[in-house]
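Here come two complexes built around chain A, the first alongside chain B, the second alongside chain C.
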Partner chain A sequence: MKTLITSRSKSVTIDSEGPVTMIGEKINPTGRKRLAAALTEGDLDYVIDLAVRQVDDGADIVDINVGVPGLDEVKAMRDVVAAVSDAVDVPLCLDSPSHESVAAGLDACQARPLINSVRGEEASMKEILPLVKEYDASVIALLLDEEGIPETAEARVAVARKIIERADSMGIPIEKIVIDPLVLTVGSDSNAGRITLDTIELLTAEYGININLGASNVSFGLPDRHTLNQAFLGLAIGAGASCLITDVAKMAPTIHAADLLRGRDQHGTRYIKYFRAHAPKDD
Partner chain B sequence: MKTLITSRSKSVTIDSEGPVTMIGEKINPTGRKRLAAALTEGDLDYVIDLAVRQVDDGADIVDINVGVPGLDEVKAMRDVVAAVSDAVDVPLCLDSPSHESVAAGLDACQARPLINSVRGEEASMKEILPLVKEYDASVIALLLDEEGIPETAEARVAVARKIIERADSMGIPIEKIVIDPLVLTVGSDSNAGRITLDTIELLTAEYGININLGASNVSFGLPDRHTLNQAFLGLAIGAGASCLITDVAKMAPTIHAADLLRGRDQHGTRYIKYFRAHAPKDD
Partner chain C sequence: MTTQEILDGLKQAVIDGDEDSAASFAAQAIDAEIKPMDIIKGAINPAMDVVGQAFEDGDAYLPELILAGDAARAALDLIIPTISTDDLDGSVQGTVVIGTIYGDAHDIGKNIVSAILAAHGIKVVDLGINVSPKQYIEAAFAEDADVIAISSLITTSLPYHREVINNLVDRGERDKFFVVVGGGPVTAEWTTQIGADGYGRDARDAALVVTQLLEGLAEGNKAPLAAPILVGALEHG
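Right after this comes the complex of A and B.
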């Protein structure tokens, strides 16, 4: 399945049959004090620099989350989206639970970005899906609803089905939806990874739909997180994940390796090109 | 499926529904000059030390390959198997294309080891399968035959089918066979990984059989081999590989991570235990 995401000058296709699409996660002030301060002070240069560096590192899409407590998020989203759209040519992912903020980002970017996200809750579907329709955008669907995050793969698939069917009834085709099956840390429930992998496999078999994952949560609270995150990427990509919201500088080598190893990188062109551009220089 | 491998004092089960079994690969003189010299000189202490270190690093089984050009391999296999059997309690994997050498190892180990390997060639099946039967051993089946390594997953499965059926006709049950689908480097054919992964998936779906892989070949000739090997482990384990012949010290963290992430390590006990035993010490 192909999900087309555009900026004013460029398009990216999230493709369940292609290489993995990488969304740079760093423009998100949660746990990033320097960014929170920059957003509060309106220091757009700092935010633009974060966007440029992620694109240099290989991000296909850049996530924009401006959620700082006390900040006028609608204004901040509008300003940041406009500034980042001028600075980099890749499409954006508008990351906010607020439909007002998402709408401001949609107005500012003048393209068909990815909205992050709709949930299986009535209120969320009612607010976000009309924006997807109106702006011909695409949307990440998080598999949780009024009851929270379902504990079984089958119950998560049921939430996906609800969102897909609601969208369909509004004239939004399935390829506009990218499912995020969610992953909790195996540090508190050692079945957490298995549930997410099963959800990906069930959705891939039933719908062939694009799957996004923010895979680093899986290792929270455990030692040697990078090894866990790398191993999970291999498992999740093998199961059917086609899009990752991630620290691109850190995870791109593993993602490019996985693409090459499963035959999504003819002649290893992308792998070699990435390695040449980013390997430590000898000179 | 469960494949029981024993030493005189211990048994290991390769289990397609359990955690991955790790076979230590280091007692193999190919490309290891110091080991080749030790084998030629009959320096068993050096070989024993290699076995002990691999078991300390987490090897469930230790591979024994004594193939040095000009060496009396039958005698060397007998001596090394006897010495290693006295020094470590884990089961062995008798690694030789020669049935005389395998027979000598079977006599010396007084247990039900894993034979590495039988091929789909008539001569190999005729020589090796009777030993599997006589000693109630298990065997790794390499998916190649008189024509070489098949280029498609379907053709590799056909070789597996031939070996499984031949073994069955001799009264050797399928659980005594561990299939090695083989992997070539993606450095010369960027579909090489995909073919191996497809072979694993087809065999898992049809037979539920145990799958062994020597996964490091996949990255030969490419930069950043460790990242490629790690990513391939994730993909291969996700596809159904249940046994890996590998550099245990280097790959155990990724393998334990994959087991935890796919729900094969309740409460993360093995992962945490391994990390505590092998993490760099602060003191």
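Right after this comes the complex of A and C.
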């Protein structure tokens, strides 16, 4: 399945049959004090620099989250989206649970971005899906609803089905939806990774739909997180994940390796190219 | 075994996250007629302090913290029914309803706070994630709670903290419950701004805030406090 995401000058296809699409996660002030301060002070240069660096590192799409307590999120979203759209040519991922904020971002970017995200709750579907339709955008669907995050793969698939069917009834085709099955930390439940992998496999078998993951949460509270994150990424890509919101600089090598190993990188071209561009130079 | 040996054994069992051993030492402690509150204060609380500190320092990991919490729970399940009202003199008791606020699905911090509060012998009612302001308030009344504890990780859900407090005020029932807030984006300034009663930076800070509020309640303090109790607030600058 192909999900087309555009900026004013470039398009990116999230493709369940192609290599993984990487979304740069760093423009998100949660846990990033410097960015929170920059957003509060309206220091757009700092934000632009974060976007440019992620694109240099190989990000196909850049996530934009401007949620800082007390900040006018609608205005911040509009300003940041406009500034980043001028500075980089890759499409954007508008990251907010607030439909006002998402709408401001949609107006500002004048393209067909990815909206992050809609949830399986009535209120969320009612607010976000009309924007997807109106702007011909695509949307990440988080598999949780009024009851929280379902504990079994089957129940998560049921939330996906609900969102897909609701979208369909509004005339939004399935390829406009990228499912995020969610992953909790294996630190508090050692089956958490398994449940997510099973969900990806079920969704891939039933719908062949594009799957997104934010993959660093899985290792919270455990030692050597990077090893766990890398192993999980490999497993998730093997199960059918086609899009990752991640620290691109850190995870791109693993992602390119997984793409080559599962036959999505002919002659290893992408893998070798990335290595040449980013390998530490010998003195 | 001496009293001290039993308490040391129980403390170590909780630190090791050994549920069976913790239950066995707790049963021995009860047989030896050690006062319930002495068992909790002499073995379980210090054990959770050790594990909590090790977790903060990066020397223990989340599964170990959870196992220790489970072991503490197994011991408390035996100990709590033996507590008579005489035993409670001078000790903290109370009920906390806790949850992650509406719009937010992060539950790790909330689970750690729950485990530590429960290990202090406080009754904890966990409402889960994505809890609406109305659900907090309804649960607080249903459980006859003393404290509503709100956890958050994502900033866009912060406005719902204020909504919990405003709903209580609108109902004329702000004096019924203390409201405490915590989690990644929550600050001391925010806590003061929305008129909450307490803030803790990490899980042990949260336990300290709740303990102090419950002690204050026993001494006749009522919600809302004129100024919140702030523990572990970071210096700005």
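Following the convention adopted for this analysis, the second predicted complex is superposed on the first by the 282 of 283 C-alpha atoms of A that agree within 3 Å, B and C clash if a C-alpha of one lies under 4 Å from a C-alpha of the other, contacts with A are read in each partner's own complex, and residues count from 1 in each chain.
Please note the rule applied: a residue touches a chain if its C-beta (ideal position, glycine included) is under 8 Å from a C-beta of that chain, and two chains touch if they have at least 3 such contacts.
Quick caveat: nothing in here was measured; it's all calculated off a predicted structure.
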| item | value |
| --- | --- |
| Which of chain B and chain C A:Gly187 touches, first, second, both or neither | both |
| Of chain B and chain C, the chain that contacts the larger number of chain A residues | B |
| Which of chain B and chain C A:Leu261 touches, first, second, both or neither | first |
| Contacts of A:Leu222 with chain B and chain C, given as first, second, both or neither | both |
| Partner chain in contact with A:Tyr135 - chain B first, chain C second, else both or neither | neither |
| Partner chain in contact with A:Tyr207 - chain B first, chain C second, else both or neither | neither |
| First (chain B), second (chain C), both or neither touched by A:Ala279 | first |
| Which superposed partner A:Pro69 touches (first chain B, second chain C, both, neither) | second |
| Touched partner set for A:Gly31, first chain B, second chain C, both or neither | second |
| Doubly contacted residues of chain A, that is, touched by chain B and again by chain C | 187, 190, 222-223 |
| Interface residues, chain B side, partner chain A - complex | 186-187, 190-191, 193-195, 197, 218, 222-224, 227-228, 230-235, 237-239, 253-254, 257-258, 260-263, 265-268, 271-272, 275, 279 |
| Touching residues (chain side chain A, partner chain C) in the complex | 29-31, 67-70, 73, 96-98, 101, 142, 144, 146, 148-149, 182, 184-185, 187-188, 190, 220-223 |
| Residue numbers on chain C that touch chain A, as the complex places them | 55, 61-63, 65-66, 103, 105, 107-108, 111, 128-130, 153-158, 184-187, 190 |
